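Same chain, two partners: chain A is paired with chain B first, then with chain C.
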Partner chain A sequence: MSDAVQEPAQAVKQSRARLLLVEIRRFVLIFLAASFFLFLALESMPEDPVSLRVKNPDPERIAEIRDSLGLNDPWLTRYVRGVGDFLTLDWGESLISGRPVAGEVARYLPATLELAVLGILFGVSFGLALVLSAHATGWTWLLQPVRGMGALGLTVPIFWIGILFVLVFSVQLGWLPVGGRFDFAYEAPRITGFLLLDSLLVWDLHAFWIACRHLVLPVLTLGLYPAAVVAGTLEARLGESFLERLVTALKSRGFSPARVWGRHVLRLVSGPVVTVIGTQAGALLGGAVLTETVYSWPGMGRFLVDGVLNRDLFVIQHGLLLVVVLALCIVTVSDLIATRLDHQLQNREDS
Partner chain B sequence: MRFLSFFGLFFTGALLLSTGCSRQTDTTTSEGPATFIFARGADAQKLDPADVDDGESVNTMAQIFEGLIGFKPGSLEVEPRLAKSYVISDDGLSYTFVLREGVRFHDGTPLTAESARFSFDRQMDPDHPAHFPGASFQYWQNLYSDIERLESVDEMTLRFHLSRPNAGLLTAFASFPAWLVSPGGFEEYGDQMVFHPVGTGPYRFVSWRPNEAIIFEANPDYWREPAAGFDRMVMRSIPLNSSRLSELLAGNIHGLDGIQPSELADLESDTRFQILHAPGMNVGYLAFSELSDRVKDPDLRRAIAMAIDRANIVRLALDNFGSVAAYPAPASFLGIPDDDGPINHDPSAAKALVEAHPEWTESPLTLATFGQPRMYFPDPQRIASLIRNDLEKAGFKVEIINREFKSHLHTTRKGDFEMALLGWIADTPDPDNFLSTFFHSRAAVPGSATNISFYRNPEMDQLLDAALAVSNRAEREALYARVLELWARDLPLVPLVQGDQITVLDRNIGGYALSPTGNHFFGPVYWNSGDMPANAQ
Partner chain C sequence: MKALISLRRLPDAWASFILVFALSGLLFTPYPSREQAFRDRALEGPSWAHPLGIDGLGRDFFSRLWEGSGHTVALAVIALLITLGVAALLVSIERIFPNSIGRFVRMGVGLWVAFPVIFIGLLLLVFLNPSPFTLVLAVGFGNLAFAFRQLRVFWMATRNALYVQSSEVLGSRGWALFRWAIWPNLVPDIFALARLLFAMSALELSGLAFLGLIGDPDFAELGAILKQNQPYLYQAPALAILPGAILSLILLSVHLSRFHR
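== the complex of A and B ==
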């Protein structure tokens, strides 16, 4: 292999490493800023969470508890310790229930992740399928719902759509469960906390089926907005003239619609779609809170909302920061993937 | 049109999806379902009878734990439970309980004087290993503080020695903080026993999925008939009222509580359900803070009391699921007359008083209220607006300050307000539980006050203490009559309403009785397959 061939490969590797470094630096900076703002927000809470919690709030007892929790230390010490505790998973105990916060999060997070991942998967595949099939088949009426969904997603609250689904599919038609993650007449398998996975691990197909039925409406509700956004982005991208020229060229070479749209076009547009998913991460987590409320889904959303309403200090501090970190992870990973896809695209377009 | 076709397609897809999976996960047998599912708005916090004050925890524990004595289902009459008999000494200074033989806790620990003592010793003795540092054991200080020591007379006899007579103690023994927990539970779980309750009740604790459900199974060794009516019981937490209702309408749950009276309209005509409602042991009131100079004047308070149309509040804010509170304790309580009370709605007299005191209306009075519904105030903000309306008609200016409930509680406990809306749900069916709570200067400690008016009157304190030490019923009644006179003269608070407790059940559920304490007890509840008429009250 000659040096002439190695050099561009080296350059690509270097640029990837540089990109990774930039992303990591951005991740750390945003994490520090977010944790600091969260700390400030907790500091400015109008009431002392400890005195709200203690039933007989005599000042000595409150001071004692505050001391034991280290709440009387200087603010910088508390902030640094808070970040340190977060990173070492030493999340303390809920002021309300007395349960360890890390344990609680471990219990609620799988429920939220299961819902969010399936919601995104459904949303993205539904959005893609709708737009691509509309273009591939020429059934332009299929594009109407894309615009409809966009309007729906922006104007009708997820909350309301969820309640509508429940009224139609559960109360009126009785097809699907109203809420919850599982049928309470049965014991759900518990290994990882991901019910679909757990029921497959113990090979309990009945449990798997129950879990699936409970997921249908929340996933539909949660997936509608990403579906609308993905479809909208894709539709805009497909309107670009170079893609139109490419499609005409590929068609004229006699490629089948499935090959033209499913392989070539999809690859070209996947970068922006991945970026959209990433930027939607925050909105999606917000949507998950509402969806969880409508469907009595025992996930992070309800846990955090209860934590905030109850001024449950460590739940807010660590639980919310975890959500921020999760959203950041999704954004970073999607950025990396999108850049990679764009690079490939760039290379292909250059060649 | 195209839009519609999309929805057609979408819904058809969902139809196919669901018909493909139409196998019902139904455990219904010819005799009915094996699992009873009840939904409420919030989860329990801890399952330690000695260290909770929230209704959801108490309602959960009611299925698992029992006390030496208890209230007969549906009434406030005390009956023996884990004690087969009890004797109160003539001087009122000792209570002796003879325990029932052959009773075992769910973990197999036999019920004896020693195992029963554990539940009281741990609350009384700060050095007891089960006196958890994170727990407040506040009820011990409030209800049982006159207990000086316990004595195991023999294997099955337990005696409580008091430092002074306490006429409210018997009903306190029937209340939840005196429910017996298994010492074996503490040995096995340590301070985590608050999440693994072990009692003697008709249902045994199985598992707790926080914010989701608490699951029980029937206790096959329950000592009492009828035993648990279902093999399995689930108490779900569904915070959203509309979701709870949808679950009921879809037939997924057999009962619910915590519903707004205004949401009952549709259910009332639905024959699938029975709506049970009865007066709750609560009073929603308007308090005046003695710490605020402006509302110290008793004439001003009287004018306000006369201006408020309490019947209108019951009609518009409680949808008639409640009644006007004539006194600061419910009429069913000892010494509380069953009449209309001394406060009459008289808007013209109120207006005349206000006109005679122009200084009252120089600047607006502030009325503090809160957001979350409570049993006594299903819609506190609406009640605040109705009161403002009435007061403005009388010539006052009123400004409403709205806070989140915990924050409101924090403010009122410091007396930091002029007028505030709040209420009290009784812990025991003894008048002292309302009257000392509201009027005793002992309860007027800034930060933890339940006497949020900070009303301090030595004569009142004396009367309340005397009434608690006297066990003769007529004497107590006379003392409480004097207490009510003082209240009506000084008006530190205006009782407004008594909210109903409301429970909705599937019409096939039998054996349930609403308890005046507001606690749910599902032990004797069973599935009634016969076409019985709904036993709505």
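== the complex of A and C ==
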């Protein structure tokens, strides 16, 4: 290979490595900032969480418990130990239930992840399908709901949509369950905590069906917002003149609509779509917490809210930090994917 | 022509009417919104005396919704003012000291944007008691990074515009330049941003109240009212539907308005 070809490839590799370093640095900085904010918040708690949990508070007993939990150590030691404990998954025990926090999180987190991942997948596919099929077929009336959906995210509360779905599909039509993650009368398979996956692993199709029925309404509710965001972004991007010229050129070469839109255009517009999903990570997590509350979904949302309201020290410390780490992971991964997609675009344009 | 102009202003008039009507619920309601004066008639349907019926705890539902709308609008406006005020302050500091403090501010905002509003709300609740004030602070500070970025872009675009530079060349400086060249051109963008922030704040506030983080269970706020009436979905669905419908109506009216457009 000649030097002229090697040099741009080397430059792309270097810029990717630099980007990765920038993302890692941002990840570490935000993690440290979040853990420090949390530490400060826990330090400023108006009540002592230990004395709240001890029946007949006796100062000696409280001091003993605080010593055993290391709460009387210097602040820097406690902060560093807290970060270390988080990273090593040594999350202590809940002051309310007495159960290990890491175990509780492992019980609730799969339910939240299953819901969030399916919600995002549904939202993104629905938004993409709507806009691309409207452009590919020339049925411009399909774009009307897209324009309406843009306003939806800013005018309709997600928890209200959830309640409307329950009212129509569960209470009135009786098609789907009102809430919960599984039927009480049937024993759920437990291997990984992800019910869809577990029921397939043990090949219990009835359990799979039950889990699917319980997921439909929460996934629809949670997916509407990403669908609106993706459809809006995509529609704006497709209005750009270079894309219009590209579509005309590809059509004139005799490519089928599926190939033009599904292969070429989709590749070009997926970068901004991925970025938008990443920047909406916080809103998506908030939406997941609200959706869980509407459908009595046994996920992290209720666990965290109860933990904060009950001043459950270790639940707050590690559970909240986990939320930030999850949001950060989505942002970082989406940034990296988007940049990779944009590089492809750049290379293609260069060639 | 005049008729056409007045028609163009119809969404503004409608949005103003809705907002004023909602806020008037803070001053007057037909019945006290907290008093459980009609417990023996709980979940009773609409009547002349109670146009929207009685809720599950024996309170006039129309009064609760009216006051709840007022609280939601007022809290969202306070959160919006906090967001815009602090964001404007940060933009000013960042512009005055672009190299030293400015870099620190930009870095801080870059970090802040990664924090979900729900995290900020829960974080505040760790050391503040659940209350409307806590939720307002959570939402106000939660939207700060977004508002800062938008304001900064608006400011830089207007500051570098040709007409501002022409004013400067003609001798306009300091306050005069801001008052006569920058501010009038910044106002439409700020109104558009305020409309967006108002919607975001109202939705986030109601969401946090729906989660039960508002503290006082009797406090009339649309998200909290909806949460309180969710158990009556079978017997009296209107009690759960109306709060969300009213919140959507308020936000849609503001969204469609054309203030300073």
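Rule of thumb we're sticking to: the second predicted complex is superposed on the first by the 346 of 351 C-alpha atoms of A that agree within 3 Å, B and C clash if a C-alpha of one lies under 4 Å from a C-alpha of the other, contacts with A are read in each partner's own complex, and residues count from 1 in each chain.
Everything that follows uses one rule, which is that contacts are C-beta pairs under 8 Å (C-beta built on N, C-alpha and C of every residue); 3 or more make two chains touch, one makes a residue touch a chain.
Bear in mind that the values here come from a model prediction, so they are computed numbers and not experimental data.
J.: After lining both complexes up on chain A, report clash or fit for chain B versus chain C.
T.: In the arrangement built by aligning on chain A, the partners chain C and chain B clash.
J.: Classify the contacts of A:V156 with the two partner chains as first (chain B alone), second (chain C alone), both, or neither.
T.: A:V156 contacts chain C only, not chain B.
J.: Where does A:A281 make contact in the superposed view: on chain B (first), on chain C (second), on both, or on neither?
T.: second
J.: Scan A:P46 for contacts with chain B and chain C and give back first, second, both or neither.
T.: In the superposition, A:P46 touches chain B and chain C alike.
J.: Who wins on chain A residues touched, chain B or chain C?
T.: B
J.: Between chain B (first) and chain C (second), which does A:L89 come into contact with in this model arrangement: first, second, both, or neither?
T.: neither
J.: Check whether A:L304 is in contact with chain B, with chain C, with both or with neither, and answer first, second, both or neither.
T.: Second partner only, chain C.
J.: May I ask you to decide whether A:I30 touches chain B, chain C, both, or neither, giving the answer as first, second, both or neither?
T.: A:I30 sits against chain C, while chain B stays out of touch.
J.: After lining up the shared chain so the two structures overlap, which partner does A:I191 touch, if you call chain B first and chain C second: first, second, both or neither?
T.: The answer is neither, since A:I191 touches no partner chain.
J.: Which partner chains sit in contact with A:L328 here, chain B, chain C, both or neither? Use first/second/both/neither.
T.: second
J.: Where does A:V80 make contact in the superposed view: on chain B (first), on chain C (second), on both, or on neither?
T.: The answer is neither, since A:V80 touches no partner chain.
J.: For chain A, what residues appear in both contact lists, the one with chain B and the one with chain C?
T.: In the superposed arrangement, which is not itself an observed complex, chain A uses residues 46, 163, 166-167, 171, 293-294, 309, 311 for both chain B and chain C.
J.: Mind listing the chain B positions that touch chain A in their complex?
T.: Its residues touching chain A are 2-3, 5-6, 10, 14-15, 17-19, 21-23, 25-27, 33-35, 37, 45-46, 53, 134, 136, 138, 141, 194-195, 207, 209-213, 215, 232, 234, 236-240, 242-243, 246-247, 249-252, 404, 406-407, 410, 413, 447-448.
J.: Which of the residues in chain A come into contact with chain C in the complex?
T.: Interface residues on the chain A side: 26, 29-30, 33-34, 37-38, 41-42, 44-46, 151, 154-160, 163-164, 166-167, 171, 279, 281-283, 285-286, 289-290, 293-294, 301, 304-305, 308-309, 311, 316, 320, 323-324, 327-328, 331.
J.: If we count contacts the way the header does, which residues on chain C are in touch with chain A in the complex?
T.: Those residues of chain C that touch chain A are 110-111, 113-119, 122-127, 129-130, 196, 199-200, 203-204, 206-207, 210-213, 223, 226-227, 230, 233-234, 237, 240-241, 243-245, 247-248, 251-252, 255.
J.: For the complex, give me every residue of chain A touching chain B.
T.: Residues in contact with chain B: 46-47, 51-52, 54-59, 96-99, 104, 107-108, 141-142, 144-145, 148, 163, 166-167, 169-171, 173-181, 183-187, 206, 209-210, 212-213, 216, 220, 293-296, 298, 302-303, 306, 309-311.
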